[in-house]
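Think of it as A, B and C in the order they're written, each chain with its own count starting at 1.
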Amino acid sequence: MIRNKKLFLVVTSILVLALALAGCGQKPAEEAKGQKDTIVVAQSADAKSLDPHATNDSTSSNVMTQIYDTLVYATEDMEIQPGLAESWNQVDDTTWEFNIRKGVKFHNGEELKASDVKFTLDRMMKSSKVSHIVEAIDSVEVVDDYKVVIKTKEPFSPLLAHLAHSAAGILNEKAVKEAGDNYGQNPVGTGPFKFVSWEAGDKITLERFDDYFRGPAKLKKVIFRVVPEGTNRTIGLETGEIDIAYGIEPIDKDRVANHENLQLIEAPSLGMYYIGFNCEKAPFDNKLVRQAVSYAINPDDIIEAVLSGSGFKANSPIAPGVFGYNDKLNRYEYNPEKAKELLKEAGYENGFKTELWISGSLANQIAQIVQAQLKEIGIDVSIESLEWGTYIDRTAKGEQEMFFLGWTTVTGDADYGLYPLFHSSAKGSAGNRSFYGNPEVDKLLEQGKVATDIEKREEIYKKAQELIMEDAPIFPLFYKLQNAGTQKFIKGFKLHPAGHHKLYNIYFE
Amino acid sequence: MHKYILHRLLLLIPVILGVTFIVYSIMYLTPGDPAQIILGESAPPEKVEQLREEMGLNDPFIVQYFRFIKNGLKGDFGRSYSTRRPVFEEIFARFPATLKLTIAGVLVAIIIGIPVGIISATKQYSLFDNVSMVGALLGVSMPNFWFGLMLVLVFSVTLKWLPSGGDNGLSSLVLPAITLGTSAAALITRMTRSSMLEVIRQDYIRTARAKGVLEKKVINKHALKNALIPIITVVGLQFGYLLGGAVLTETVFSWPGVGRLLVDAIRQKDTPMVLASVVFVSVTFSFVNLMVDILYAYVDPRIKSQYK
Amino acid sequence: MATAKKSKKNKKRSQWSEVWRRLKKNKMAMVGLTILTIIVLLAVFADFIADYDEVVIKQNLKERLQGPSAKHWLGTDEFGRDIFARLIHGARVSLKVGIISVGISIIIGGILGSIAGYYGGLIDNIIMRTMDIFLAIPSILLAIAIVSALGPSLMNLMIAVGISSVPSYARIVRASVLSIRDQEFIEAAKAIGASDLRIVLKHIIPNTLAPVIVQGTLGVAGAILSTAGLSFIGLGIRPPAPEWGAMLAGGRAYLRYAWHVTTFPGLAIMTIILALNFLGDGLRDALDPRLKQ
C-alpha cells in the first residue's frame, strides 16, 4: 500500500500543482461592485475582430460601435444625423462634400483629419468582407484637413445610409499602420469607449474615453462577456452577474419581464425571415406551386409557438422600418383550401415530395411547423439540417429546393434589402438564393439605385415589392422583434433596429 | 527507461503527421467553401473567387497539404480564417482555461471514483456497493448540460454561492469541474470496482488471505496494485476525452475553453484553426498517454521489462 | 470420430447453459433483462400503441408544453406532441443507434486491440499509434466530418458514433491482453503448440470480455448521449422522427418551465442504461471462466 499510496499522492499532487500553476495567470476576480460604474453586457458569441474591415458579423459590430464613430449615423428611428461629419451637401448627382468635425481625438491622441477618412474608405473598398457596402463609391478626395469629397460611380441615393453602416467607422491611419496585421486586436477609434483587453472566448473590456467629442460617457467600464446559451444569459441577469443581455430566449421573456430587478426591452428590427423557393428547380419553377405553399404556411403558429409572440407577420421582403416599405401589399393569408386548388391547377393534385434546407436550432423548430402544415396539403417535406458553412455554400450553388433564411436590411434602405435578394445578377452567393429573375423587377431595382427623387424612389420600390410578392420567389414569414434584458437600474439604453446598440447614453438610477 | 521515453517522443512525429493529414483531408473533403464562409451570405461570386485564389484554395489537395506542412515546420501555422489572428496565439489564450477545467474535472473523478470503487469491490453486494453503483450509473447517464444547469439553478440562482459562468478565479471553477468530473467519476468507480473484483478472485489473493494477512493489507497491497492498470487506462482516456470534448460543459458555463473554439472552427470551416487545435490537443494527449504507459511500468514490473 | 464431435458439441452447449444458469441466479441481471425485454417489446409493438402519423408526429400547437395528464400521460412537447407516444416509438431508434454503434466500435476496436496486445512490438506500435491518431482527433470532429461527408442519416450517425469510440475499446482490450498474455496458462498453451489464432480466440478473448462488457454497456449510454450531442449542433436524425437523445436536447430551453419535456426522455435513457448495466454485470460474473471451479 505504501507504494500505492505514494503513487496516488504523487499523481494527485501533480494535478493539484498543475492546477495551481494554471490558476496563476488568473487575474483577480472583478472588483467588488461598491460604486457601480462598470456594466457587463452578455452576447451569444465572441467578436471575431475589432477591425471593421475584417468582419461583418453582429457580435463584433456590437463591440465596434462603441469604439468607432461613422461620418453620419442613423438614430433608433433610422433618421440620418451628423456624426464625424458635422455637415454635408450633395454638389451634383454623383458628388458629395463632407465637412469633418474639428478637434475630434482618436484614442491614441491623434486628431481626426480628412486624410483618415480617405484612408478608411479606400481601405474599406479593398476589403473583401465589407467592400459591398461602399461599392458605389468611385473615389474619395481630400480637399483640406477638414473637408472630403466623395464621388460615386453613378448617382447613388442611399449613400448616407451606407456611410452610417457600423462597418464604415473611421479609423486612424497611423494606428492601423503601426499595428499592421494585429490591428484587429488593437483597435483605435474616436468612439466613447476605448479598447483595453480581450480574453479570447471570454470577455472584451472597454474603458471610457475621456476626450470623446460629445463629452465623456457616464459609464467607466464596459465588459462584453460571451454567454452562448440563452438560458444562461437570463440566469446571469437573475444572479446579477450580467447587467445587459442581448437575445433573451422567447420562453424566458416573461421571467425577465416579471422579475423584480429586471426589465425586458423589445424593439422592432430590420430583419425579415423567410422560406425561399428555388425558382430554377421543379416544382418550384412553377409560380402556382410557390403561391400554393405560401397559402399553406401559417406564420401565426410559428410566431406563437417558436417566438412566444416576439414577431409579427411579414407582408413584404423588407421590414416596415426600411425606406421604401410598402404597407399596402396583399399577403398570402393562411388558406389551405386555396393552396390545394392552386396545387391542382399546377398539376400536383396529389402533392409531391420535397426538401427544406435549414441551419440552426431556431430554423429547426420553424421547419418542423412548416413541415406539419405542408403535410396537410399533401406536400411531404423532409428537413435537411446542415452546418452553416455547408448551408451557405450549397444554397449558393442552387442545390436546394426550399430553404429557410433571414435577411437584415442594416442600412434601412430598400436597395440593400431587395437588390441582393431579387436582382437576377445576384443569383447564388451574392444573396439571391431563390434564383429568381424577372426583367421588370431587375429594371426597377436598377432605377431605384440611381433615382435621386425621394418620392419617385419610394414608388419604384413599392412597385418592385408588388411584383416580387406576386411571383412569390420567397414567402416572408415574419419580422422578428429584437430584445434585451437589463437590470432595472440601467437607464438610457435603447435597441437599435440595425442590431448594434450604443451604450454611450447609459446611466444608473 | 530514458531510451524508451525518447523513443516515444520520437513516435510523436508520425502521430502529428497522421493527425494533420487526416484532419486536412476531412476539412478538404467536407462540403463548404471557406472563402464563401469568410465573405458571408451576400458576397459577389467574383469576390469569392478572388479570395479563393488568394488563399490558395484552388490548388490541388496535395499541394495545399504540403504547403501547410512546410509552413508548419517553420512554426507558421497560419492565421484563423475568421479572426485573422495567428492560430496558436488564439489557442494559447484559451488553453489555460481548458487545462484548468480538465485537471479539476479529473481530480474530482479520481477523488470520488477510486475510493468508492475499492470500497464497493471489497463489500460486494452490500448496501454501500448497491447505492454507489446506482449512483455511478446515474452519473454516466445524466446528460452533462442537464446536470450543469441544475447545479447552476441550485448553487447560483437559489443559494447564490457560486457564479453561474465565465472564468473568474477558483469559485467559478467549482461547478463546471463537478459537472465534468461526475461522468468520469462514474466510469472510474465502475472500472475500479470491476478490476478489483477480478483481482480479488485470483489465487494469490486467496493465498495471502489463507496465510492470515490482514484484509486491509490484502486489499491495499496486493489487490489494488494489480488492479491499477485498467484504472489508469480509464483515467488516461478520460483525461484525453475531457481535454477536447468538454464542449457541452464549456457551453453551459460560458467557459472559454478549446472545445468550443474547436467546434466553432469546424462549423465555420476555419481549417488553420481546426488543424492547430487538433494538433495541440493531440500532442497534449500523447503526453498524457506516455505518462500512462510509464505508470504501467511503475505499477507492473513485468511490463517494465519490455520497455528496455 | 462421430462421438468425439458430438461430445464436443455437448460441451459447448453445456457451457452456454451453464452461463445462463448462473445468470438466472443473479437477481439484478434478471431485473435488467426484464426491463430490456419490456423496452424491446414496446419498440416492436409501438405501432399498436400509438399511430405514427396521427399521434407521434402530429402537431397540436394549442396543447404545447402541457404537463402530464390523463390524456397525455407524460405531457406534451413544444409542438404539442404526446411525449409518451414519442418515447415508445423513439425506443426503436435509440436501441438501434446504441447497439449498432457500440457493436461497430467493439468489433473493430476488439480486433485491433487484441492483435496489438498479443503480438506486441512493431505491430503493437503501428496499431496503437494509429489509434492515438484517431483518439487525438476529437470525436465530435470525426462525427461531424463523417455525417457531413456522408449526409445526415441514421446509418451514418451510427457509423460516426461507432467509429469515434473505436480507439477506446482497442486500448482497453490491449491493456487487458497485456496483463493476461504473460500468464502461465498462455505460456502453457504456447508450449503445447497451440496456434496464435487459437490462443487469442480460446484463451485471450474470453479473458478480455469482462472489461469490454463493462465498457460496452456504458458505451450504449454514451452512444445515445453522443447522438443527443450531435442533435444539439443540428446533425441528429431528421425531424420529426422521435429519438431519445434528440428529445432530450430539444427540450433543454424549456427546462425551467416544462420540466417533463427533458425529464422523461432523460429517465428513459437512464432506465435503459441501468438495465443494460445490471445485465452486463451479471453477464460478466456468469462468463468469468475463473468462477467455474
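Heads up, the rule we're going with is that a residue touches a chain if its C-beta (ideal position, glycine included) is under 8 Å from a C-beta of that chain, and two chains touch if they have at least 3 such contacts.
These numbers come from a predicted model, not from an experiment.
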So which chain is farthest from chain B, going by the mean of the CA atoms in each chain? A
Can you check which chain pair, A-B or A-C, has more C-beta pairs in contact? A-B
What whole-Å value do you get for the distance between chain B and chain C if each is reduced to the mean of its CA atoms? 21
Which whole number of Å gives the spacing of the CA centres of chain A and chain B? 36
I'd like the Å distance between the centres of chain A and chain C, where a centre is the mean of that chain's Cα atoms. 44
Going by the contact rule already set, what residues in chain C reach two or more other chains? 144, 148, 233, 252, 255-256
Residue numbers of chain B (touch at least two other chains): 30-32, 149, 153, 266-267
Which residues of chain A are in contact with two or more other chains? 231, 387, 390
Given the complex with chain A, which residues does chain B contribute to the contact? 30-34, 36-45, 47-48, 50-51, 79, 82-85, 90, 93-94, 96-97, 99-100, 103-104, 106-107, 110-111, 114, 149, 152-153, 156-157, 160, 163-171, 217, 220-221, 224-225, 228, 251-254, 256-257, 260-261, 264, 266-269, 295, 298-299
Please give the residue numbers of chain A that touch chain B in the complex, ascending. 1, 3-5, 7-8, 11-12, 15-16, 18-19, 22-23, 25-26, 28-30, 45, 48-49, 51, 54-57, 128-129, 131-132, 181-182, 184-185, 199-203, 225-229, 231-232, 235-236, 238-239, 241, 387-390, 392-394, 396, 405, 420, 426, 428-431
Quick one: which bits of chain A touch chain C in the complex? Just the residue numbers, please. 230-231, 249, 251-252, 255, 301, 304-305, 358-361, 364-365, 367-369, 371-372, 382-387, 390
Counting only contacts in the complex, chain B reaches chain C at residues 11, 14-15, 18-19, 22-23, 26, 29-32, 133-134, 137-138, 140-143, 145-146, 149, 153, 187, 190-191, 194-195, 198, 201-202, 229-230, 233-234, 237, 240-241, 244-245, 247-248, 259, 262-263, 266-267, 274, 278, 281-282, 285-286, 289, 296, 300, 302-303, 306
For chain C, which residues count as touching chain B in their complex? 120, 125, 129-130, 132-142, 144-145, 148-149, 168, 171-172, 175-176, 178-179, 182, 210-211, 214, 218, 221-222, 225, 228-229, 232-233, 248-249, 252, 255-256, 262, 266, 269-270, 273-274, 277, 284, 288, 290-291
